[in-house]
Amino acid sequence: MKPKRKTSAQEAVERMHDDAVVFIGGFGRGGVPENLIEAVCQKRLRGLTIVSNNAGTSSTGIARLLEEGCVRKVVCSFPLAKESVVFKGLYNKGLVDLEVVPQGTMAERIRAGGAGLGGVLTPTGVGTDIAEGKQVIELDGRNYLLERAMRADFALVKAHKVDPMGNLVYRKAARNFNPIMAMAADWVMVEATSEVAVGDLDPEAIVTPGVYVDAYVAIASAGQSMETAA
Amino acid sequence: MTATGLTLDQMAWRLAQELEPDWVVNVGIGMPLAVVPFVDPAKDIIFHSENGIIGMGPELEGTGVVDNDLLSAGKRPVSLIPGGSFVHHADSFALARGGRLDAAILGAYQVASNGDLANWKLPGARTGSIGGAMDIAIGARRVLAIMTHKTRDGEPKLVERLTYPPTALGVVTKVFTDLGVIAIREGRFILEEVAPGVEVGEVSAATGAELCTEKTCIMSLPR
Amino acid sequence: MKPKRKTSAQEAVERMHDDAVVFIGGFGRGGVPENLIEAVCQKRLRGLTIVSNNAGTSSTGIARLLEEGCVRKVVCSFPLAKESVVFKGLYNKGLVDLEVVPQGTMAERIRAGGAGLGGVLTPTGVGTDIAEGKQVIELDGRNYLLERAMRADFALVKAHKVDPMGNLVYRKAARNFNPIMAMAADWVMVEATSEVAVGDLDPEAIVTPGVYVDAYVAIASAGQSMETAA
Amino acid sequence: MTATGLTLDQMAWRLAQELEPDWVVNVGIGMPLAVVPFVDPAKDIIFHSENGIIGMGPELEGTGVVDNDLLSAGKRPVSLIPGGSFVHHADSFALARGGRLDAAILGAYQVASNGDLANWKLPGARTGSIGGAMDIAIGARRVLAIMTHKTRDGEPKLVERLTYPPTALGVVTKVFTDLGVIAIREGRFILEEVAPGVEVGEVSAATGAELCTEKTCIMSLPR
C-alpha cells in the first residue's frame, strides 16, 4: 500500500471548487476540522453546500465559512443553537438556505451514501413537517419515510491519529459524524492531531480504513480538545 | 395558580424515581438535564448521549480545562463511566431507534392525549432545531416528558390534539409537570399523582383534554 | 453499570424456544459460536430458522444443528459450499427450507433491523431472481430493490474478549457478522474466548457496546482459531 | 480448437497486468484466485476480502497451523499487510457497493455483450450460492471477468443475451479468456488482444455475439 498524500491544509483543499457539496465532521466543537475549514475560507470559495450537524458556533468552524461568504446552503440538524449567531444573522436576511434533517436520519443518509444504497426507510419524522414531499412506505402496518442517500463532493474530517496509509482513529466523542462522512465523499481530506508510523495503529481498532482517505494533514488544533474554559 | 406546584428540582427528583435499575436512558437537553443529579447511582443507569457516548458519566464542574472531545449533547463537559465506549453517529442513532433505549427523557412544548409530542418548532416559525429528538422519541421504549403544566401565558400544554408542529406521533408514555404525573394509556391522560397542596380539580382545569382522576394519589416527596 | 449475566453455555440458551429465529455469527469457521451451538443441539429444539452466512461446513457449527434436526429453514448467502454436505442432504430431500440472500444485502438487512429501520434500497439484485416479489423503486433513473430489515429472537455471537459489562472485541476476520447480529436480536448471547476486567478494553476500540449483550459465556473453543491443519 | 489458447496461468498473468498501482481490488473465489500470485507487489494493490479484511496479504502455505480467524473468502489461510484492518460485514459490503473498489475479479458462467454477468446459478437449478458476488459486481468500478471462452460442451460463454440467471446487469467491463481479452463498450464485445497462435476468426466463431476485431493486437506474453 502506498502512502497517501501528506500535505498542508492549503494544498489539501486545492481541488475544492465553488458550488461543491461538502461534509464537515463535528458535533459542537468536538471533532471539527478547524484548520481545513480555515484553509477553505482563505481560498474564498463561493456557493458551497455544507452538511454538518450544527451551523457553527460563535465564530469558529462553519461560522467562519458563513462569515467569509462561502456558503449558499446549510444542511444540518441543529441550526439555531444560542451560539449560532452568524448563521442566524444570514438566515434571517435570506442570505443562506437551510435544510433541517433529524440527526439520526442525517447519519443514516450519509452512511447509505457511503454504502452505495439508494436510501433507507425510517420511522423517524413520519407525520411531521419533515415528511413533506417524501414518499411514505407501509410495511407490516407501520409507516416509514423513504430517506434518500446523501453523498458529497468533498469531506473535511477531523481524526486523532493518522498513519501514512490513511488509517484513522478518533478521540472520544470527537468521532461523531467523521467516520461516516469519510465513507461517503468523492474526495476525503483528513486533519489529524498527530501522525504515527504504519503498524502503530492496532488493525482491530482502526475506525476508518485508509482506503477512504485521499489526503491528510497532521496538525494540532489550537481550539480543540483540552482548552481552558473561558 | 401553579404557585403551589412543584419546583423544577422536585419535578426532576420525581422523574428520577421513575428510572429502573440497569436501564439505558437518553437525556435530552434543557429541562431533562436537571433529572440526572437526582438519579440514584446505585441504579447503575447507563446514560446514552446522542453524540456517540454510551455510558456518559456525570457533568464535570469547575476543573478549568474543557475537553471538547467529551461533551454532552448539551455541549457541557462530562466523563465516561468505567466500561463506557464511543461509537459514531450512525451507530449511536442505531441504538436509539433500534429499541435498546429503555427510556428517553425529553422536554416538550405540548403533549397530546394520544401520545403525540411537540418539542422542536414553534407554530408559524420558519424552522427549528430538531437535533436528535425525532429519532430518540420514535425509538425509545418509554418517552418521559418533563415540562411545566401550562405555558407562561397560562395555556394548557397537555392537549387533546397538538397545535404545535409534531416531533413524533403516539410516543409519550408519561408526563412530569409541576402539578403532577400524568400517564398516557389508550389515548387518555391519567393523573397518577398530584403534587402536594394542589387540588385535582386545579390540574383538570389546567389540562386541555379529558383527565382521568379516578386513581390519583398525592405524590410523596422526600423529607 | 451492573454486570451482565455470566453463565454456562447450557444456561445461556435456556430461554431459547422452538420455532425461534436465530442469528448465528461466523464466516466459514471464523467467528462461529460453536459452544453455544452445541448447547442448542443438546436442548433438542425444533423448527428453528437460522440466519447465518453459510449452511454449515462438515459436521461443525450449523451443520450440527441440521444434523440434530433442530432447523426448519436456513437463510444464508452461500448454502452450497463443498463441505456443506449435511445441508445439501437435507435440502435435496426437502427436509429444510432455504432463502438465499446476497451477502451484502443480508448484512444490510440485519444492520437495518438493529438500527430500527424498515429496510434499505439497494442496487444489488436488480434484474435477477433475487428481485422476485420485491418492490423496485427508481431514484434518479436508477433502480433499487426494497430490502426489508431483518431481526431475530436470539443471536449467538462469538467474540474474542468480553468484560463483565458485556463489551466485546473480536479477533481478525472472526468479527464478520457478529457485531451487526448483536445489534439486531431481542436476546443476545455471547461466547467469548476470554474474559477481562472492566476497564481493560479500550473505550475507543470496543466494537460491540455492552448494552447489546444479555448473557455471556467465557470459554475457549477447541475447533476455533489456530488449529492444526488436517 | 482451443488447444492453442492460453493456459490458466497465462490468463491469470494477463489479467494481473490490468491492475494499476494503488488500486483497491476484490478477488472472487475460484479462478480469480489464480490471478493474485501474478500481481506485481510493487503495485501496492490493496486486496479486499468480503469477510472484512482490508489489505489481505498473500495466502499462507505449509505452516501446519491454520488460523480460522484469518481466512480468505475462499476459506484459505491468508495474512494481513502492514496497515491493513478489519471491519464487520456491513462495513465490508459498504466499501464494495460504495464505490471504493477500483476493480473486482470474478469468475463467470456467461457474459453478455451488454455487460450482464451470470456466475451464481445454473439454468433450471433450484438454487445456487451467491455469496457476495451480486454486491461486488454492482459496486466495483470495473468488473474483470476471467473464464474459459467456451463451455466444456463447446458452447460460447460470451453471448448476446444471457441464458443463465443473471448476477448483475451491465457491469462487466473486460473479459479475460483462454483466447484473448475482450472489452465491453457501448453494448459490444471488442477483441482487444488475441492469444498468440489463435486466429481472430477462431475467436469470432467461438463467440456467441458480434465481436469487433478492427483493432485487435496479438497479446504479448512474458519470455
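For reference, chains read A, B, C and D in written order, and residue numbers begin at 1 within each chain.
Following the convention adopted for this analysis, a contact is a pair of C-beta atoms (placed from the backbone, for glycine too) under 8 Å apart; a residue touches a chain by one contact, two chains touch by 3 or more.
Source: prediction; values computed, not measured.
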| item | value |
| --- | --- |
| Fewest touching-chain hops separating chain A from chain C | 1 |
| Far-end chain from chain B, centres as C-alpha averages | D |
| CA centroid of chain B to CA centroid of chain D, Å | 56 |
| Between chain D and chain A, distance of the C-alpha-averaged centres to the nearest whole Å | 36 |
| Distance between the centres, which are taken as Cα means, of chain B and chain A, whole angstrom | 29 |
| Residue list for chain C, restricted to those that touch at least two other chains | 108, 111, 115-117, 122-123, 170-172, 203-204, 207 |
| Residues of chain D whose C-beta touches two or more other chains | 80, 86-87, 90, 93, 96-97, 138-139 |
| Overall pattern in which the protein chains touch one another (line/ring/star/complete/other) | other |
| Interchain contacts (touch definition) - all pairs | A-B, A-C, A-D, B-C, C-D |
| Chain C contact footprint on chain A (complex, rising order) | 108, 112, 115-123, 137, 139, 142, 144, 146, 148-149, 169-172, 202-205, 207 |
| Residues of chain B touching chain C in the complex | 21-22, 24, 44, 46, 48, 54-55, 80-87, 90, 93-100, 138-139 |
| Parts of chain A lying in touch with chain B, wherever the complex brings them together | 27-31, 53, 77-81, 91, 98, 100-108, 110-111, 122-130, 170-180, 207, 223-229 |
| Residue ranges of chain C in contact with chain B within the complex | 1-2, 111, 113-117, 163-165, 167, 183-184, 198-199, 201, 203-204, 206, 209-212 |
| Residues of chain D touching chain C in the complex | 49-53, 63-71, 75, 80, 86-90, 92-93, 96-97, 121, 127-136, 138-139, 165-169 |
